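Heads up, the thing below is written out as C-alpha cells.
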Amino acid sequence: PEESLIRIDRPGIATGLAWTPAGGDVLQVEAAAMPAAEERLILTGQLGDVMRESVQAALTWVRSNAAKLGIDPGFFEHKAVHVHVPAGAVPKDGPSAGITMATALVSLASGRPVRSDVAMTGEITLHGRVLPVGGIKEKVLAAHRAGIRTVILPKENERDTEDVPEEARKDLRFVFVTDAEEVMREALG
Amino acid sequence: PEESLIRIDRPGIATGLAWTPAGGDVLQVEAAAMPAAEERLILTGQLGDVMRESVQAALTWVRSNAAKLGIDPGFFEHKAVHVHVPAGAVPKDGPSAGITMATALVSLASGRPVRSDVAMTGEITLHGRVLPVGGIKEKVLAAHRAGIRTVILPKENERDTEDVPEEARKDLRFVFVTDAEEVMREALG
Amino acid sequence: PEESLIRIDRPGIATGLAWTPAGGDVLQVEAAAMPAAEERLILTGQLGDVMRESVQAALTWVRSNAAKLGIDPGFFEHKAVHVHVPAGAVPKDGPSAGITMATALVSLASGRPVRSDVAMTGEITLHGRVLPVGGIKEKVLAAHRAGIRTVILPKENERDTEDVPEEARKDLRFVFVTDAEEVMREALG
Amino acid sequence: PEESLIRIDRPGIATGLAWTPAGGDVLQVEAAAMPAAEERLILTGQLGDVMRESVQAALTWVRSNAAKLGIDPGFFEHKAVHVHVPAGAVPKDGPSAGITMATALVSLASGRPVRSDVAMTGEITLHGRVLPVGGIKEKVLAAHRAGIRTVILPKENERDTEDVPEEARKDLRFVFVTDAEEVMREALG
Amino acid sequence: PEESLIRIDRPGIATGLAWTPAGGDVLQVEAAAMPAAEERLILTGQLGDVMRESVQAALTWVRSNAAKLGIDPGFFEHKAVHVHVPAGAVPKDGPSAGITMATALVSLASGRPVRSDVAMTGEITLHGRVLPVGGIKEKVLAAHRAGIRTVILPKENERDTEDVPEEARKDLRFVFVTDAEEVMREALG
Amino acid sequence: PEESLIRIDRPGIATGLAWTPAGGDVLQVEAAAMPAAEERLILTGQLGDVMRESVQAALTWVRSNAAKLGIDPGFFEHKAVHVHVPAGAVPKDGPSAGITMATALVSLASGRPVRSDVAMTGEITLHGRVLPVGGIKEKVLAAHRAGIRTVILPKENERDTEDVPEEARKDLRFVFVTDAEEVMREALG
C-alpha cells in the first residue's frame, strides 16, 4: 500500500503526485549529496529528458536563491547531487515534479525534513514561478488514498480541483501557489 | 491569460515572441548563473539545436562586448550559466529568440530588470548583428494580446509590420534595430 | 556447478539472485577501487541502464551513510570504483541487484568479507529503503541449489515465499528487510 | 540585399563564398574569443561535420604559424574560440570555407579587420596549402552581385574563372593562391 | 604464417587464442603506457563492447593486486594505458581474451616479457577468477599450428581438451587455472 | 596533377598510398601540435574509425619509443596533436596509413622533413610491427605516376610487387620492412 511510501524521517525526501495511464500515483523524490571534485548532477530512476531538465531548473532555482531560502549558499559547491525517483525500473517523464524536486533539494540543504502529510505537483521555472500541470483529479485522489492531508497545487490549477469528488476533498487541505517559495514555507513548515 | 507571464520583477528575464503552428505566442526567457569550477552553459526547456546554438551566439556576444555593455567582464567566468524557456515540456526551436536570449543575459549580468512592457524577436550573430525572422504578424498580435507596449524587431522586418492590423498597431510602438546594442538600450532602459 | 561461484574469500564480493527466462540464477557482484584523479564509477558485465542506475543509487546510499555504516567517509574520494558482474558476455538488467551492489560496496570499504552462505535480492533507494522485486520463487530455488543457507528478501516480498516448495524452504533461513542497514548487519555479520 | 552583409567594421569577420542548390551566395564567418579555463572550439550556425573539421584545420594552421603571421602565439591559449556562420538556421557544409575561417581567426587574433571588398573560397590544409573547390562560377557571380572587388581563389581553380561572364569579370580582380599566407597578405592588407 | 606473430621480444605483449567462424586463431595483445595528465584507457583494434569491458576488468584486477603481483602500485597512475589487438581492421569481441589482457598488462608493468611459447584463453573477473570459455578445440589447434608449447586454459574447460586430436595434444602442455595469479606465474615464468 | 602534392618543405608531412575504388592514389598526412592544458588527439579529414584507431596506435608507438627514435620524450606532453588528411570532404578509412601516420608524427617531433621522393603503405601495431595491407599494385602505380622514387612496403607484401608492371618497377626502389623503425631510417634519412 502507498502508506509505506510516505513516512518521511530524514531530510532530502519529498512526496510528489504523478499521473500515469493507470491513474494517479504517489511518488517520492529522494535527494542526496556527496563531496566531489567536479560538481555534477546524477539523475536515476529512468527519468525522461523533460523530467531531467526539470530537476536542473529546480536545482538552479535553489542554488541561486539560497540566501532567501535560508540555506548555505556554498552547500552545493564541490558536491555531486544525486536525485533518484523510485521505482528504479519505471520510466517517468514530464515537468510536473518540478516543485517536488525543489522541495527535496531545499530539505536536503537545510537539514529540515519535509512534512509527511504533504504532497505536491507543479512545474517550476528557473526563477521559481509555479506553472500549471495536468491530471489534477487523479493526482489528488492518489494523495487521498495515501493518507495525505495537505496538497500543494499551482494557483492556475485551482479550478481543476472542482472535479475532485467531495468524499476526498473533505479530508484534504489545498494550498494554491504561484511561487516556489510558498511551497517551501508550507512543506518544510 | 498571457498577462500572468509578463510581469518581470527581477533581472535575468526577457520577453520574446514565438511563432507556432497555432499562431504567435509570448514566451519568457529566464537566465541564472551559479559559481562553478567548470564554466558551462545549461540549456533547458526542450530547446532544439538551432535554438541552443542561438543561445551560444548570444552568450559569446555578451561576453566579448562586456565593457561596451556596462557589465563586469568577469561576470561569466567560473560560472555555470543556465538559460531556461518555459513551458518545460514544449519543444522550441529556431534562431528568432536570439536577441531575447542576449537581453536576458545582459539583464542578469547587469542586475537591471528588463522593462515588463517590452517584447522582441530577432536573430543575433556573434558580432551582434540583428537578422530578420519570420512570423512577424502573428508575433506582434501575440504581443498585443499580452498587453505589451513596445515591440523590438529587426530593421529588415520593417516592411512586414504593414501586415499587422491597424487595431493592434495603434497600441504598439515598434523599434527597428540592426545591432543588438540598440536592443539593450531600449529593453533595459 | 554454482558452488564454485559462492566461495567468498575477500572483501568486495556479494552474492545476488537473478531471474532469467531460464529460471533463477546465482550471480556474484564484484567491487574494487583504485586511486584516481577523477572520481568515477566503472560498470562492466553488460549491465543495462536500469541496473547501472541501481549501482549509482547503491553507491550514493553507501557514501552518504558512511559514518552510520562504520566505514571511512573518505574511502570513496579520489577513487575510481569498479563494479563488475560476471559472466562478462551475458546481458543483465533490472533494479533487483540493488542491495547486493550496496553490500559489495560496504564490504569493500569496510574490509569485511560477506558471509559465503548468504544471498539476497531487493531494490535499493537513495535513502536505503528496500523495495520489492519479482521472481522470488525462482531466485530462492537457485539459492537452494547453490547451497546458500540465508536468503535476504524485501519485507514486501514475504508473502511470495509461500510459493517456494517446502523441500527448499526447510533448508533456508529467510531474513525480511525494509532498510538496507538490516542487510549489512546480516550479510557482513 | 547582400550589400548589408559585407560591411566589415571590426576584427574577426571574413567574407566567404558558398555554393548552394540555388546558386552562389555570400556568407560571413564570425570569430570571437573568450577567456576559458578549458580551451575549446565552439561552432555554431548548423555546420556539418566536414565544415566543422575545416574550422579545426584552419585553427591549427593559425596557431602553429602564429609567429610567421605576426600574431601573439599565446592568443588562443586559455580561450574558448567561437566561430559562427549566419544565418543560424541554414545548414552549411563542405571544406570550401577553410581559408575564410583562417582569415577570420587571424583577423581576430591580430586585431586587423578584413578588407570589406574582399571575398574568398578555398579549402585549407593543416600546413596551409590551399586546395581547389567547386562552384567557382556561381560563387564569383554572387561576389559580383554583392559588390565585392577582389576575389581570392585557389590557384588550381584558375581555369574555372574562364566560365565567369565577361560582364562580371571586368569588375573583379582575381587573386590566385597556393598557400594561406598569401590569403592573409591580400585580405588583411 | 602464424609463426611471425609469436616472437615476443619485449614486455607488454601476450599471445591469446581466438575463435572465429573460420576456426581458431592466434592473436597478440599489445599494451603500452604513456604519461598523461588524465588517466585513461585507450582501446584499439575494433574491439566490441564485451571485449572492451574485459580489458577494464583485467586492468582493475592488475591495479588492485599490484603488490601481490610484484609490480609498482603507482605504475598506472598518471598514465594513459593503451591496449591494441591487431589486425586493426578485424572486429573482435567476447570475454575470452581476459587473462591475455591481464598478462600483457602485468608484463608491461613489471618489465618482464611473456614467454613466446605460451598462449592462453579465459575470461577474467574483477577479483581474478578465471571463467570457462568456448571454442577450446579450435583454439588449441591454432596454438599448435603456431608452434606454441604451453596452453593455459580455465580449469572448468579441462574436459574440453579431450576433443583435441592426439596429434596436437602430444606436442602441448596444458595448464589449467582457476585464478589469474596462476596465469602470471606460468606466463611470466 | 599529383606532383603538386608531394613537395614536402617542412616537418610533419608524410606521403602515403591509398587504395580507392577508382585505383591507387597518393595522399599526404599532415601532423601539427599545439600547447594544450589537456592532451588530446584531433583527427580531421573524414577519417573512419579504423583509420582513427590507426593514428592512435601510431602515436602511442612514437611516444613510447621516443628515446630510441631520437625525439624528445616530452614533446607530446601538454600538447594537442592534430592529424589531418586532405582532401577534407573525402571519407577515408582502413589501417594501411599506419606507418605514414607514424612517419608524419616522428617528423613533426624531430623537426626533420620527410624525403619528398618517398611514399609508403603499411599497418602499424602498438609495438611497431608492420603488417601487410591490400592494393599493392594500384598503390605502387599511383606512386609511380606521382614521381615517387622510393616505395616502403611491408615485408609480407613483397610477393605482391611481382604484379606491378615492369615499366613502373624499373623507376622505383622498393624497401621492405617488418618494423616501423626501419621506415623512419628510410623516410627521414
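Quick notes on this one:
Labels A, B, C, D, E and F are assigned to the chains in the order they are written; within every chain, residues are numbered from 1.
As a convention for this text, a residue touches a chain if its C-beta (ideal position, glycine included) is under 8 Å from a C-beta of that chain, and two chains touch if they have at least 3 such contacts.
Just so it is clear, the model here is predicted, and its values are computed rather than measured.
Chains that touch both chain A and chain D: B. Looking at chain C and chain F, the chains in contact with each of them are E.
Interface chain D/chain F: under half of the residue numbers present appear on both copies, so the contact uses mostly different residues. The chain with its Cα centroid farthest from the Cα centroid of chain A is F. Between the CA-based centres of chain B and chain F the separation comes to 51 Å, rounded to the whole angstrom. Centroid to centroid, with C-alpha atoms defining each point, chain E and chain F lie 30 Å apart. Rounded to whole angstrom, the centroid-to-centroid distance between chain A and chain F, based on C-alpha atoms, equals 59 Å.
Counting only residues that touch two or more partner chains, chain D has 38.
Touching chains close into a ring; read starting at chain D and passing to chain F, it gives D, F, E, C, A, B.
Those residues of chain D that touch chain F in the shared complex are 38-39, 49-50, 53-54, 56-57, 60-61, 63-64, 76-78, 94-95, 98, 123, 125-127, 129, 131, 156. Chain D meets chain B in the complex at residues 4, 10, 12-13, 28, 30-38, 42, 44-46, 82-84, 86-89.
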